[in-house]
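Following are the structures in question.
Shared between the two complexes below is chain A, which pairs with chain B and chain C, respectively.
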Partner chain A sequence: MKNQSKQLFNLLLAAMAVFVLVLSSCGKASQGTTSGALSGNAASKVYVAPGQHDEFYAFMSGGFSGQIAAYGLPSGRLLKVIPTFSVDPEKGYGFNEETKPLLNTSHGFIPWDDAHHPALSQTNGETDGRWIFINGNNTPRLARIDLTTFETAEILEIPNSGGNHSSPYLTQNTEYVVAGTRFSVPIPQKDVAISSYAENFKGALSFVKVEPTTGRMNIEFQVLMPSHGWTFFTSYNSEMKNSLLEVNASQNDKDFVAAVNWKKAEEYLKAGKAKDFPANYMHNVYSDETHSATSTAMKSVKVLIPSECPGLVYLLPTPKSPHGVDVDPTGEYIVCSGKLSADITAHSFPKMLKAIENKEFDGDISGVPIIKFESVLGGTVKEPGLGPLHTEFDGKGNAYTSFFISSEIVKWKVGTWEVIDRQPTYYSIGHLMVPGGNSMKPEGKYVVALNKITKDRYLPTGPELTQSAQLYSIDGDKMELLLDFPTIGEPHYAQGISAEKIKPKSKQFYKLSENKHPYVTPTEKDAKVVREGNNVHVYMTMIRSHFNPDNIEGIRVGDKVYFHVTNLEQDYDVPHGFAVMGATNAELLIMPGQTETLLWEPKKEGVYPMYCTDFCSALHQEMQGYVRVSPAGSATALRWWLGDEKPVQ
Partner chain B sequence: MKNSVLNLLTIIVLLAAFGCSSDKPEAAATGDSSAKPKSMVAEEADPMTNKGVGPITSVELGASVDQAMADKGKAVYEAKCMACHKPTEKFIGPAPKGILDRRSPEWVMNMILNPEKMVKEDPIAKKLLMEFNGSPMANQNLTQDEARQVLEYFRTL
Partner chain C sequence: MKALPKILFFIAAAMLLTLFVFPMWQITLIAPQYPTGVTMYIWVNKITGSEEGTLQNINILNHYVGMKYIEPDAIPELKYFPIVVIVMALLGMTLAFTGRWKWWMGWLILGVIGCGLGLYDFYLWEYDYGHNLSPTAPIKIPGMAYQPPLIGNKVLLNFLAKSWPHIGGWFIGGTFILGAVAIWLQKRNTSNT
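Up next, the complex of A and B:
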């Protein structure tokens, strides 16, 4: 059994999913003022005294904000919004010259995306606190965030994908991050009738290899699923319809979940079975040494065709619109929630392996075998609620499934399939999260409900409301609602991890001596202004509480002025900001030891102030300076200085 | 009504405070020490025996300057200190020239290594913070070795 469960993890499940907001759930508003039966001591269970730290980090996807938000649990304190797929003027992300390349795509610079599913890196099936990955749904991308800095370290575009939704899934040692696709599209893209999807549309599963020490991502191969439309990737649509999905996609009794054997894929890759497909995608990597990102255009991917690779993919019939697919910590069961089914189906991994061995198939689709439903069925939770979506585990033999339509979390026992407890959520829960609840070692103390509808839970803020998260204790037999707290954007999935796995490794500042930025100004002696035609490079330093230089003359209308600003501080929590009047981008927010660049293109002559935006000391207000802009072609000499130092020419 | 007038006043006073701080004449800070409140005078010990607050309790200075060590110190000083301290003239902070005629070597190293505590607890450092317009001494996270090298460099100024 032990060997088997190891084997089980060699098989990776790709789950296909779409969030269709079923509005009937709005009816829940009638439950309005219910508090959720808070018991008297709930407050003490979420109280983290001033100056004390939370026990867990929670990383919530920002949904349509495109970012990730880090919270502390159990307090619900917002610790940081990590800019990922969307620009963030507060931090200069996507506005300074260094981070712009991170948002490059084959479509050009894209300042926004929709981020759904964070996934913490794992070692031996346990979260390790090194990185967190997240998908960009709209323009298919994967991002990796470095958890020593809580900054986006890498963004990889996914070619041959029509929406990177069912993504990312990690293998147990973070060998691969796997990305499915929500929409099938013509591969390669071409101008065809939309009604020709059954013939022309395909979906690719991308296996992105992760370099074990640096975390660098690379698309190792893609599996091109059968040319039967988008059947398996949005597995709720085996009818192959392309419009009116809410009616047409839900008629079949069973759809499919696809199981891919990635070890087998590696064998086929080695054997030269992969075809090189032309592709167009960008790979963007940020360096903590140059404090800059670079963008590389990639031109091809290796593709495996399942019909040519026996044993690579199997289809598991699953009742009506399977949404979430979650593997229990022992690896024995694959829990599939048929979103429109009354039951939760659990497939058995050992049974699946046996069925494959005995060829217990029920036909195939384009050469991909369909395993007999009865042969793979491990168990069924009968009518636990309405609209099951996702399941998390507590490592104590229990599972927690979110029910969107009946707006509740249902706790049930893995193996006996009996329902143990149910608690309402306010309102219409989508995902739920137990720290480590999708790994082999859950830290089963809390479950967080990530709700889709807020209604009356907080003070009203006009038509648009924040999203609502809820924290439940799962220490005892019964779940207990402890806390409501608002979240940014619209979180879908989230991840949680014991703070001790991240806290000791958190970086406090960047070492100046390791700064390899091409425009670094390592000491004030090196401060200067250099003109190269119409480009002016300002090598500037900042330290409490002055810039060097803080007076600049000789800039002309029509110049592109690059302020390369280096923060000379070498202490924890002493960032400085930089802003200059009329800049059409944003501010810079520069961490100690870091260099960042703001491009400024003055349109009119005059004298323009610049100043530090981040309160840094009692003399913060004095941290300022002037730039003089003369007309185009003016003979005003290029000079710069600090205080009563002699101007340099 | 009363409240809003008060608020307005507060804002004006604040603005004035910020507006002036950079123009403060140096004389005010370096003025006659006899004008100080008694309690401050009482706190002041002999600066040459005050070792400051921090990890350094004893420093042995060689009979002559260790030039190799001083050279290392100069490099550290230029990389991490020069933004605020010019070697021989007052800048954002005081000049280190002649520092060992005014302070103990332990005090100098503790000021480098433990500035946050020094400006709160050491009477001389507290006074200096006020003299330099509240501009804090940045902790540049030097190692003890580096601080010792910088101290040796100060002996050459």
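Up next, the complex of A and C:
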């Protein structure tokens, strides 16, 4: 019955923005140095011997770094920073011609974003290791990362959104990735007084359909939340204020959590209830065959309006600024943390269905029914701490809730609502993560605290300090702190998954025979230089340990030189790099079988060195060459060669 | 069971055809950076590797010390050995029906000689690859040759080279043993009658 109703209704609930309430860790710093002592065997529990692999992958968002990083657990070792929303000169991401389209938006090329919530794809409610999705907060976008390559495969801009924060949320079989919005904005955008918020501003929930085999995303429909509104999917601003939110948005006793029935939405969509709204957003897709991304402008979106679609959305009253909304693995309880409440409220899913059936409503907002608080309340964890934010589950009937203000993790029992244990975090935990802890099948061995502040925990590095994660064992009744480790940017939220779900599928290199890049140079015999007016295309190969060609003459000042460099290697872990003096972009870092393009516009005549940047072999240092640049209009012949070969022209 | 030696001899001759199903020989190179090793398979008609890019990878390694590129198209044996093997197999299978052990013996001796010549040829190729080094090699070590062992293990600079028969090679051994057994049985049958 539980599962059935879950399938029937498929609640979608969202967590909220971390608004920095400047309720920092005052008074906590002194505690930090005194507690957090480790028991004797903690080190052995996180020790992964040289050459051994970690048991879990942890994917932590980089927050304001705009990236996502993969770590091993329990060791906390950083494995890879995956460039996603921010350019990365180290990998040429956003600098080479192939990846530039990925960062294209309706506002133009954007080299940065703020990435908060990674979400692993799921099958039957269990993480499956195919893809990980993550939101771009500032210029609303969703990214999909392919976990066979650990590369960004797709970025979809979200229209009618301001601050794609409460996002992404996945349905059980990754049918949809759902994106909420942090800021309400006029929809469609227009020039209005900011004080007309209540009348003009709206928030859209975007339902992004995921193609099951390719993973390709497409905005199937949006749900436009009531016009005099709340800002959010999980509303914490039912006061409808637009300024000084830290005070004004905190006055009501209860705000709302919105429950959306996406199956119903599909019915309305089929019945033609959706309206076509003009929109302007970009859909960017990277191909592992052409090794290039394309960017497509999208012009409209289908919108459902809840007041015209009864049964689509219900509001669940929840005490004070609900922040995190988390469904327990059985699907019975919806745990809502009122960020400014002293309690944790758990709504009951079966009770909610019943209340809907019996119409136990307490009024409505623009036609969206508000379910009576008493009718939906499943239980309350009484005064567990201060500032509850997010909850994860271990699959053994326990829940773990982070408390930002009191800077701790509290373990409590689902159903009996009793607090079992509490452990301090250092400091000011935001999200927390149990591998699979937001799915139906948690792998409840560890909980990771994702902290906002480190203060004195590490060697000081000037005013800007590292942020960090903390690993706790949750095998026993008591949580045990095992390890602190620094992270990139802000580890806002994370996902964990058993390494075995990803490791066997990890790609070793790209097959050269499958390279469909328009400027591929499949063998050294095909290397050439082609002039088309002021554009010069260099078809170059790289293999241990030379470029072909490695000497080029006949380039002129004012030319746009495109180095299309193909790595001919077909072996594991043999990337080559490419750099040329005076390039105003970055290097190329090219995996075996891949082609990448660097645009180079020499400004002055001379002879310019180029070389391999990724230490590739015993003769890496010798992997280099020269490009001769002559004055504009000069008659220097276009010639190229390798070694003693006769120059080709 | 008068037919048994004939059946055995027929099987022995037919077993030669397994050379088209399995490699004859394998050479594996192992070094710290190649924890799983790089394996080259030598067939009667082609050279392959444990992966699609293996031959290229071995050639890249070899070029540092000036060894020639291994290009299967440039090795004529890969073209005429298959014909020799097919002719021998068909001849042997035909001779099986005659039941004349002396002819069988002749076939077997021919096979052993052919096999010996094949191994000698293999050795010559290995010698050529290992000793005929480019004077412009990036890494030159006086007195060093890179000939892999004909059979067995040998350390070549940072690599351990292992050279052993593969399934096809063991089958050839099987051909000789089974052939010899068939001859012995047939000879006994003949002298008893």
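As a working rule, the second predicted complex is superposed on the first by the 625 of 649 C-alpha atoms of A that agree within 3 Å, B and C clash if a C-alpha of one lies under 4 Å from a C-alpha of the other, contacts with A are read in each partner's own complex, and residues count from 1 in each chain.
Here, contacts are C-beta pairs under 8 Å (C-beta built on N, C-alpha and C of every residue); 3 or more make two chains touch, one makes a residue touch a chain.
Quick caveat: nothing in here was measured; it's all calculated off a predicted structure.
By the touch criterion defined above, A:571 lies against chain B and chain C together after alignment on the C-alpha atoms of chain A.
In the superposed model, A:285 lies in contact with neither chain B nor chain C. More residues of chain A are touched by B (comparison of chain B with chain C). Touch criterion not met for A:586: it reaches neither chain B nor chain C. When both complexes are overlaid on chain A, the residue A:543 reaches chain B and chain C alike.
After overlaying the two complexes on the shared chain, residue contacts for A:618 are found with chain B and with chain C alike. In the three-chain superposition model, chain A touches both chain B and chain C at residues 509, 543-544, 568-571, 617-619, 622. By the touch rule above, chain A contacts chain B in their complex via residues 509, 512-513, 522-525, 541, 543-546, 548, 568-571, 574, 617-619, 621-622, 643. Only residues 51-53, 56-57, 60, 64, 138-139 of chain C touch chain A when the two sit together in their complex. Interface residues of chain B, counted against chain A in their complex, comprise 18, 21-22, 78-80, 82-84, 91-92, 133-136, 138-141.
Only residues 509, 511, 543-544, 568-571, 617-619, 622 of chain A touch chain C when the two sit together in their complex.
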